[in-house]
Structure formats: C-alpha cells, structure tokens
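In the two complexes below, chain A is the common chain; its partner is chain B in one and chain C in the other.
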Partner chain A sequence: MDAKFISRGQLPEWLRSLAARFAVLAPARAGSSVIYRPVDPEAPPRQPELAVKPTESAKRALFPLSEALLTFVKNQPDGKPGLELRETPPPRPCLVFGLPSCDARGFLVFDPVYAGSGTAGKFQDNYYLRRREQAVLIVKTCPRPLSTCFCNWVGGGPASTEGADVLATELKDGLVLEALTGKGARVLDSALLRPAADEQLTAAAQSRAASEAAMPPPVDISGCARALRGKFDSAGFWQGHSAGCLSCGACTCLCPTCYCFDLSDEERGSRGVRLRSWDSCMLPLFTQETGGHNPRAAKAARLRNRISHKFSFYPDLHPSLPGQDGHIACCGCGRCIRSCPSAVDIRRIVTEALGTAAEGAE
Partner chain B sequence: MALREQLKKMILEVLPGVDCVIGWGAGYDALHAAPLFMRAPEDVERFLSGPLGAFGAVQNPALFLPELAGKKIGLVVKGCDSRSVVQLAAENLIKREEVVIIGFPCEGVIDLHKLRNKLAAHFVVNEPGGVTAVNLAGDHLALTAGGQEYTFKRDEIMADKCPRCREPNAVISDCFAGIERRADNIADDYEDIAALERMSLEDRFRFWEQEMSRCVRCYACRNACPLCVCRDHCAGASRDPHWLTQADSTRDKFMFQLIHTLHLAGRCTGCGECQRACPLGIPVLLLKRSLGRAVEEMFDYRAGLDTEAKPPLLTFRVEERKIKEREW
Partner chain C sequence: MPNNPYLPQVATVLEVIAETPDIKSFRLRLDDEAAHAALRFEPGQAGQLSLFGAGEATFAISSPPSRKEYLQFSVLRAGEVTTALHGLMPGDKVGVRAPLGNHFPYDDMKGKDIILVGGGIGMAPLRPLLLFMLDNRDDYGKISLLYGARSPGDLAYMGEIREWMARGDLSVTLTIDREVPEWPHEVGLVPQALDKLSPSPANAVAITCGPPGMIKYVLQTLKKLKFADGQIYTTLEKRMKCGVGICGRCNIGDKYVCIDGPVFTQAQLTGMLNEL
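After this line comes the complex of A and B, so read on.
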C-alpha cells in the first residue's frame, strides 16, 4: 500500500484540506489537557498536539458525548393526539488524526456490541454503524509509554495497526503515513504529500521498533476472566479496591472502550428530542430502578462491575480463538488510571484477582 | 524524628481504637499518591511511602467521612483537610466524636496540572506519566525522564492554595505531629479572582465558554468535594424536574458549575479538590473562591474554622451588618 511523507509545516494545511470532506478531529492542547478538537477549515491552520497523549479517548468521534437520535412533534391530526417522528440527518463522515493505537483498538470493543452481538445480530445500532463505516482513523505511533500504559498486556502495542486506516510515524521533520486500508489510501491521495523515500521508511520502521522496545514487558493476565468470576462474591476484595473511589465518571468518560449510554427525551412545548448520552456504571444512578431498588448501591459493586465487565463478562460473551480467553474489553490505554482523582489502578485489581500482583505495584 | 515516622507512630497508637485510619499511600507511580485505608499495623508501612512524602498527599481524606458515618475513623489531615472536617461537623454531616484527627504542619502539596503544563511547555518528556524517577530534596524536585534530569523549584509546582493558606496546621486535631508552622503573616489577596474580574464581561464569558467546552460531565469535581451533600440527588442528574439538558451544551455544563458554586457558598473551604480532580484541568475553583471572598467580605465568615459556627447562608440575622436594607 501507499506510503507518503508530510512535512510538519504542511501538516495543518493537509488537515484543513481533509476538513472539506470529513469532520476532522485532531489532538489540541487545552489548559493542562489534550482533547480532540474539530479542525475548522476556515480558521488559521494550527499544529495538532502530537507530543502528549490525549487526555480523553477518541471515542467521541463515533460515539458522541450526546447525540440526537430523533426529534418529535406532538400534534393533533383530526383532533386525536398524535406524534410525528423525524429522523436526524446522517452525520458527516469523520476522520480522526493522530489517535494512539489503543484508541483505535478501543473501537474493536464497540463494534460487536453495536452490531448486535447481544441479540445475535437482531438489533443493530445504525447510529454507530453508519459513523463507523465511513470513519477514517489515522493512528500515530506512541513514542514512549507512560507509567499508566499497558496496551501490550491486552494484545496491543505502541505501533499496533489494528483498527487503523493509516499508521503515522513521526520523524524529526514530519510524518511517514502508511496506508493500511483502501479508505486510508484515499485520504493519502493529496498533492500536499509526497511519496516516502526509502530512508524515511527505514527511519519510521526503526522508530516503531524503538517504541515497541521501550514498552515494559507485558504481565500475563490470561485466565483473568475466570479469576474475576471467582472474586464476584468477595465483598472484601472489592471494598478494599474501591475504598478510595469517589464514584465519579472520570474513568468511564475518558475510556475508549466504555460504551454505555443513557436515553432521555427532552421536551419543550410540543417539540422534543430523544438524546443518547454517555452514561457511567460508576455513578449510583446507573442501575437505580424506578421502584427505588438499586442492585449496585455500593461503590464496591460498581467497581466490580466496571472491572469485571471489561476483563470477564465481555470476554466470556466475545470469545476469540478456541482455548484462549475472549476479547478483553480494555485496550490498556491507562486513562482510567491516569485521570482517576484517587489513582485507582485497574491493573492492580486484575493482577491481584489473578494472585500475581505485579512487582512494583503498591 | 522525621515527620513521617512521627505520624506513623501516632497512627499505630490510634489504630486499635478505630475502624481504619485514612491517609495517603504510594500510588501507581512516583508522582501519584492514593488514599490509603489502614486497618492493620502492616498497612501503616505504606503510609506516605512515595518519594514525594507529604508533598504528594494531594487527596482530601475528609471526603470519605460521611460515607463511613457510624464507624470510628482515624484521619490524617493537612490544614485544608482539617477545615473540611470542621465544616462537616458544623453542618452535622458527621459526628465529631466519631473521628480521631491526626494533624501535622503541612508545607504544601504538588499540583500535577501545573507540573503537566510546565513539562509540556519546556521539556522533551512532556507528561508526568513519562517520569521515571523522582527526588525531592529541600526546595527542589528533580525528575528523571527519558534519561534526562529536570529540576523544579518546589514553589513552581505547588498547588496555588498552599502559599496563601492561613491554616497549614490542622485547625482541629486530637494529636499533632511536629511543630506548628507559623502562618499569621500569610494573607489571601484573591489576586486570581481580581485578575479574572479585570477582564471585560464578554472576555470573561468567552474564558468560561472556552474552559467549559471541554467538560465531559464526569462529575469528578462534584464527587471530589467533601461538602457536596446531595450525592445521588444531584440537580445535574435529576430528570424530573429536568434542570439541565443531556445535550452536549457548554452553557448547561457551566450552569452546573454555578449550581455547585452557589450550593457551596459559605460552606466551601477552598480545599481545591474539585479543580484537582477535574481530569481536563478546568479551573472550577475560581468560581468557588469568588463566592468565598464575597462571603468573607459580607459576613466576616470563613468556612471550616469553628464547629459551633453557623454558615451564614444556612441561617439569617434580622439585621445583617453589611447588607443595607432598602429604606422603604
């Protein structure tokens, strides 16, 4: 497939040109954080922030913080109460530039769920799927791991190409862009890019190898699904790990694999909108039932759910190769650790459940 | 005896009489501490075991008291944390006699958002998470990252609340480790608020629009606040009445901050946990400090200093000293 090179100076211009065809998101600095911001083709060109791993995940590209599923108007044809439903217009195709490989792998956790894995394909989520189908993901190799990164525990790596359409690798003066899919090749078809020279390709390959080598060796967590199942009733285990938890949604909101949502109808007069917005299993209201009962009233039960969902329930429902653990619903991005006000460490919970607490962990 | 050793000794003395003692232990890397719940003597070894020591003790352990009501709890507190305990007791949200308070002279804590900004602006390794070794010696913090060493002055990366803190020693305690730090020469000039107020109204509005636009509604700000009492009856989550939209609306996110700010007026002790907890580094403490200053000016009241005091907005005087009634 194609391999191109873009100089740093031309990068903003290229992103602007892409913004004519796509809703482009690129990492941008905002205060002490780095977020995915829309690239405005009308605004002056801006360098994306590529040196710092984005604080939030890229999931908002395919799973917005809030989206209108439909709008409705209450009317009274022939004097009888009625309801007129209107579909929302299809979204613009989206392109994410510069997401780390873990973010791209995160969508692999979304995909089966929104394609209806829970209902044998009967209920598919068109809102997600139509975005997904058109989206272009330009993954950037992570130069060095953070203290919270553990993508290689769960099958990823700093230069993983899984789920990516283009793999970008930074060199001193620009980026080597390697197309991995047809969609990817099409966005590289631009006069602003030139074919990558052999030495650039070699340098990129070396840089990727260095990134992989900088990653501490993975901890073997095979068997985690079973181990966590075994811990389900250990109140003490979960109370201990959740003692410092604030029951906020920082972990789930920033997580690239947390896909749970809430539905709400908001009405104003006779018009209204049905919204789907991010929800979080760490919040007490997540499981609050209308009758007043809450099966997960305790924060220990909620933390158990978050961890077990990722490392046990989901893999059980989404088997990978025979004889192996299923697909773990965590891509090891470490955001839930990095952004947790109480420094709750998901790795420690999983390894302790396995009885093989990693050395160096507290 | 070093401070840590003195505190450990006190914790061990308190431990048999309480359900647990809450302090800080080493977190997942050298820069991050985590709340530590000590139940057995061997847990005490982990107390402040990180290389930052008490400089890394960022979390406010008073947060956990209301949820542990009914149990006897030991609590190691910085000055600011102790004010949260006082305020909780003043509002009957906890019982004073259920808490054994261990105080120490706090010399300030790190602000990891500040460090993040500094690293991003000047250094090759641009994130706290890329730091591999930490050495705090005297007034300097040395960080090793990517094979290089970077040195910061302690003051540069200290939380803003610390240099202006008038109560670095616990205002209330059952035992106190070390010698009280002098603080009678410290004043809070509210310069951060004044600077914001020098902006035109339009600019200020744009400032907040910019800042709040990246809010993801995780509500870490709310949940980290030891005095936020509504918990699962929050105006932000209520559907009936439906105060705030679920749409991705910057104005409603800002509205939520204003609701929190008003609910905390005259109750907020300025502990700064709301801002520290925000993963996106949104400076929400400015809002709370603005009302804190107003309450201090109008009612000569600062929250969290006296368990017997009534927060001015939870009561009234027939004639307020500084509020002029209309003459008609």
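After this line comes the complex of A and C, so read on.
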C-alpha cells in the first residue's frame, strides 16, 4: 500500500486539513499530562506532542467520556403526558493521529463486546460500531518503552499495526506514513505529503526494529486465565495486592480496554438526554444493590474482578486460536501501573498468580 | 426489541394496582400497536422500565405471556427510580425495553411436581410462571405455592391468591414473619414454613425468588429435604444498567446475569465463581 512522507513543518497543516473532514484528535500537552485534544481547523497550527506517551488512552475517540444516546421530550404542547424519544444522530467520523500501537489494540477488546459476539445477548451497540467503522487510526511507532510497558507479553509490540489504518514512524525531519487499510490510504492522499523515498522507508524499518529490540523480552503468561480462576477464592492474595488501593478509579479511567459504562438521565423542564458515561468497577457503588447488598463491597473483590476480567473472564469468553489462551483484555500499555497512586501493579498480580499456581496441582 | 438496544419503546400506563403499601403493579401497553402485537416474552424474563428524567431500572415481567392486552411490572418502592415510578398514573408515558434475559425452562418442568417459594417482591417473577402452569395445568404434577411477607398487608396479588386458594388443583401456603390477631395462615419465616411443609423431592422441582437472605436459607432447607442442585431454580438480582451484556456491570465471573440469567439452577450457581 501507499507510503508517504510528511515533514515535521507540514504536519500541523496536514492535521488541520484533515480536520475539515474528520473530528481529529492528536496528543497535546496539558500541564504535566499528555491528552488527546481536538485539532481546531480555525486555530493556528500546533505541533502534536509526540515525544511523550499520552497519559490517557485514546478510547474517548470511539467511546466518549459521556455521550447522549437519546433525547427525550416529555409533555405534548397541550400539556398532556407524552414521550418522544430521539436517537442521537451519528457524529462526524473521527481520526486519531499519533496514538501508540497499544491504544489501537485496545479497541480490539471493545469490538466483540460492542458487536455482541461471544455473549448470549448478541446485541449490537451501533453508537460504537458506527464510530469504529468510520474512524481512521494513525498509529505511531513507540520509540522506546517505558519501564511500565509490557505490550509484548500480551501479543503487541511497539510497532504493532493491529487495529490501525496507518502506521507512522518518526524520522529526524518528519514521519513516514504507511497505509494499512483503504481508509488509511485515502487520508494519505494529500498534496501536503510526498511519496516516501526508499531511504526513508529503510530508515523507518530500522527505527521500528530498534524499537522492538529496545523492548525487554516478554514474560510468558500463558495459562493466566486458569491461574487467576484458581486464585479467585484466595482472600489473602487479593487483600495483599489491594491493600494500598484508594478506589480512585484512575486505572480504569486511563485504560484503553476498560469499557464499562453507566446510564443516567439529565433533564431540564420536560426535556432531557439519556447519557452513557464511563464507569469503573473499582468504585464501590458500581455493584451496590438497592437492598443494601453489595457483592463487591471490599476493594479486594473489586481488584479481583478488574484483573480477572482482563486476564481470565474475557479470554474465556473470547477464545483466539484453538489450544491457545483467549484474547487477553489488556494491551500492556502500563497506564494503570504508572498512574496508580499506590503502585498496584497488574503485572505482578498476574505473574504471582501464575507462579503460585505452578506450585499447585499442575 | 428494536435495532438500538438502548432505545426504549414508548408505552402508556393502562392501570396502576396498589398491591401493598410499597408495591404497585403497572399494566402497560406499547404505543406502537404493531410492536405490542409482536411482543413475545416468557415467564421469568425481565425488562427495563424508564421514567425519563428519573432513570431506568430492572424489573421482572410479572404478567404471563397469555395475557396479551398488557405487559405488567410490579415495583417495590426502594430508591430513586422506583419512588418516581410509584407516582405514575393511568395515561402516563414510560419507556420499556423488554423482554431481556432468559426464562424459566417450563418445558423441562413438565410432568413434575412444582414447588414455588416466594418472598416479598420475589413473587413478581413467580406469578407469570404460576399463571402459565395453571393455563397448562395438565402438563404438570402437583403444584404448591409457598409465599411469605413481613405482614398480611405486605403480601402482593392477594385478590388473585384468594382465587388460587379456592381452586382444588393448587395448594397455597401463606406465611408472615410475626404473629397478628386472626391470621389464619402460617407464622414464621419462609424457610421455616418450607421445612414444616417438607415437600418431597421425588420427581419435583423447586423454584425460589426473594431477598438474598431468604434465598440462602431456602436453599439450605431444600438441601436438607434432599433436593438435588439440578432440581432447584432461582433468579439472581444484580445491579444492572444496559441489560444487554455490554456495560459490564452484572457479571459473576464470565457470566452476565442480564443475558445468561436471571434464571439459574442451583447446579449452575455451584459451578460459578462465588461472588453473589
């Protein structure tokens, strides 16, 4: 497929031109964090922040923090009771520039859930699916791993192209952009880009190889689904790992694969919206039942659910190849480790579950 | 259900029945006549009822599929949404997403003796099953209902229950928690009343719905009476939002109560992770 080159100087202009067709998100500095910000085609061009891995994941592109699913109008003009429901029209197609490969792989975890496959329900969430179908994801090769990165334990890598439409690799003076899909090729069709020269393609391939070589070798976590199932009733194990947890929800909020949500209404007068908003299984109210009972009242039970969902329940529901563990619902981005105020480390929990499981009846 | 699983169908409240001081039944009809006619559901299935502005909550469908004129939900006033629902009047509009979830496998229960054990609002999912079985009376063996509540006034569906008690082909036992003057029925908690009744497990199934505390002790009593796990059915209540297996809220391990349940056999529950 097409391979193009864009100079660093032209990059902001290209993003602005894309913003005429797409709702473009690109990494930008916000204090000490890097977050995905909309590119405003009217504002002066700005360089996206590419030197630092974004603090948050890119999931908001396809799964907004809060979105109106429906609008409602309750009373008829004559004051009689009425109810008119309207579905929110589809938003503009979205383009994310410069997301790390783990973020693109994160959407692979959303896909089957929102398409209703792998569960008894088979319900489709077209709000997500429509966005997903139209979205263009321009993944950027990760130059060097952070100490918290472990994408290669879970099938990813710094230059993984899974789930992406374009792979961007930084060179000294600009970026090589390689189309991976038809959608990707179409956005590369711009006068601001020129075909990548052979030396540029070689340099990009070398840079990717260097990134991959910089990754420490992966830890083998095959069998994690079973090991965590075996640990489910080990209260001490979960109490130990959750002892410092503050139930702040930072981990689930920043995670590219956490997809849980809440539904709520907002009303003014007799009209309003039904909102879908991010929610977190690490918060005690998540499973609080009205009668007062809460199956996950203890933070140990909540941490157990978060880790087991990603490395055990989800893989069991979404098998990959026969004989292999299912699809792990974690892309190894390390954000939950990096941003946890009390150093809860998902890698340690999984490897310890495996370690002790190996000593058992295996 | 329409193409958008989050989009409720607009329905009108036909009738509001005050069952007890804190339980009201709402009979609804979908405004879209074709959709109402096409409505298919089974005993044990649930629905999401919306009072827009207040929100949405999950309830068992408490009417049987054979009563086609309406869809009924019986609502215990418990919190924000349920309190708002209790203000509904005939003619008011609500949103309905139904049916959701699995149902009681009444075909597997054919030819067997049926023991229904309900507590409080737990009668809501049992009512359509019982009415279905009464409509198909010859398919089932002995049918017994044990129903308990705090006090006589807290027993829902009493008008109907009196009719059932007058029938010869169904045995009904009522119990209340504490003695009151002139109460002709049992006194004591549901599990104790069950122990006293001591139904035989031979060719029988027991179906129990009610508050978690009651279910726990009913299960113990059934075990004591030598009911096998496969002979016991119950419904689970988890906090739900989407009802369609997406929002991630109602799981027990890799099972989602909203789509894999709410009906489970005790044998299934024993095989599931222990997080009730």
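One rule holds for everything that comes next: the second predicted complex is superposed on the first by the 346 of 362 C-alpha atoms of A that agree within 3 Å, B and C clash if a C-alpha of one lies under 4 Å from a C-alpha of the other, contacts with A are read in each partner's own complex, and residues count from 1 in each chain.
What we mean here is this: contacts are C-beta pairs under 8 Å (C-beta built on N, C-alpha and C of every residue); 3 or more make two chains touch, one makes a residue touch a chain.
All figures in this text were calculated on a predicted structure; none of them were measured in a lab.
Asks: Clash or fit: what happens to chain B and chain C when chain A is overlaid?
Replies: Here chain B and chain C can both sit on chain A without a clash.
Asks: Check whether A:T119 is in contact with chain B, with chain C, with both or with neither, and answer first, second, both or neither.
Replies: In the superposition, A:T119 touches chain C alone.
Asks: Going by the contact rule set out at the top, does A:G182 touch chain B (first), chain C (second), both, or neither?
Replies: Touch status of A:G182: no partner.
Asks: Quick one: angle from chain B through chain A to chain C, Cα centres, nearest 10°?
Replies: About 90 degrees, rounded to the nearest 10.
Asks: So, A:P89: does it touch chain B (first), chain C (second), both, or neither?
Replies: Once the two structures are laid over each other on A, A:P89 reaches no partner at all.
Asks: With both complexes superposed on chain A, which partner does A:G355 reach: first (chain B), second (chain C), both or neither?
Replies: Neither chain B nor chain C is touched by A:G355.
Asks: After lining up the shared chain so the two structures overlap, which partner does A:D262 touch, if you call chain B first and chain C second: first, second, both or neither?
Replies: Both partners, chain B and chain C.
Asks: Between chain B (first) and chain C (second), which does A:S33 come into contact with in this model arrangement: first, second, both, or neither?
Replies: It touches chain B, and chain C stays clear.
Asks: Quick check for you: in the superposed arrangement, does A:T290 touch first (chain B), second (chain C), both or neither?
Replies: A:T290 sits against chain C, while chain B stays out of touch.
Asks: According to the stated criteria, A:L254 is in contact with first (chain B), second (chain C), both, or neither; which is it?
Replies: A:L254: touches chain B, not chain C.
Asks: After superposition on the shared chain, which partner residues are touched by A:R274: those of chain B (first), chain C (second), both, or neither?
Replies: A:R274 sits against chain C, while chain B stays out of touch.
Asks: Once both structures are overlaid on their shared chain, how near does any Cα of chain B get to a Cα of chain C? Whole angstrom is fine.
Replies: 6
Asks: Which chain A residues are contacted by chain C in one complex and by chain B in the other?
Replies: Residues common to the chain A contacts of chain C and of chain B are 262, 264, 288, listed in rising order.
Asks: Would you mind writing out the residues of chain B in touch with chain A in their complex?
Replies: The contact residues of chain B facing chain A are 25-29, 32-37, 46, 59, 63-64, 113-114, 116-117, 120, 125-127, 129-132, 146, 210-211, 214, 216-220, 222-224, 231-232, 237, 239, 242, 245-248, 273, 276-277, 279-283.
Asks: How about chain A: which of its residues touch chain B in the complex?
Replies: Spelled out, the residues of chain A in touch with chain B are 29-33, 35, 51-53, 55-56, 64-66, 68, 144, 146-149, 240, 243-244, 246-250, 252-254, 262, 264, 266, 273, 275, 277-278, 280, 283-285, 288, 334, 337-339, 341-345, 347-348, 361-362.
Asks: Along chain C, where are the residues that touch chain A in the complex?
Replies: It is residues 1, 3-8, 10, 50, 52-56, 78-79, 82, 91-95, 102, 211-212, 237-239, 241-242, 244-249, 251-254, 256, 258-260, 273-276 of chain C that touch chain A.
Asks: Going by the contact rule at the top, pick out the chain A residues touching chain C in the complex.
Replies: 69-70, 72, 74, 81-85, 87, 113-114, 116, 119-121, 123-127, 229, 232-233, 259-265, 267, 272, 274, 276, 279, 281, 286-291, 293, 295-296, 301, 305, 308-309, 312-314, 316-317
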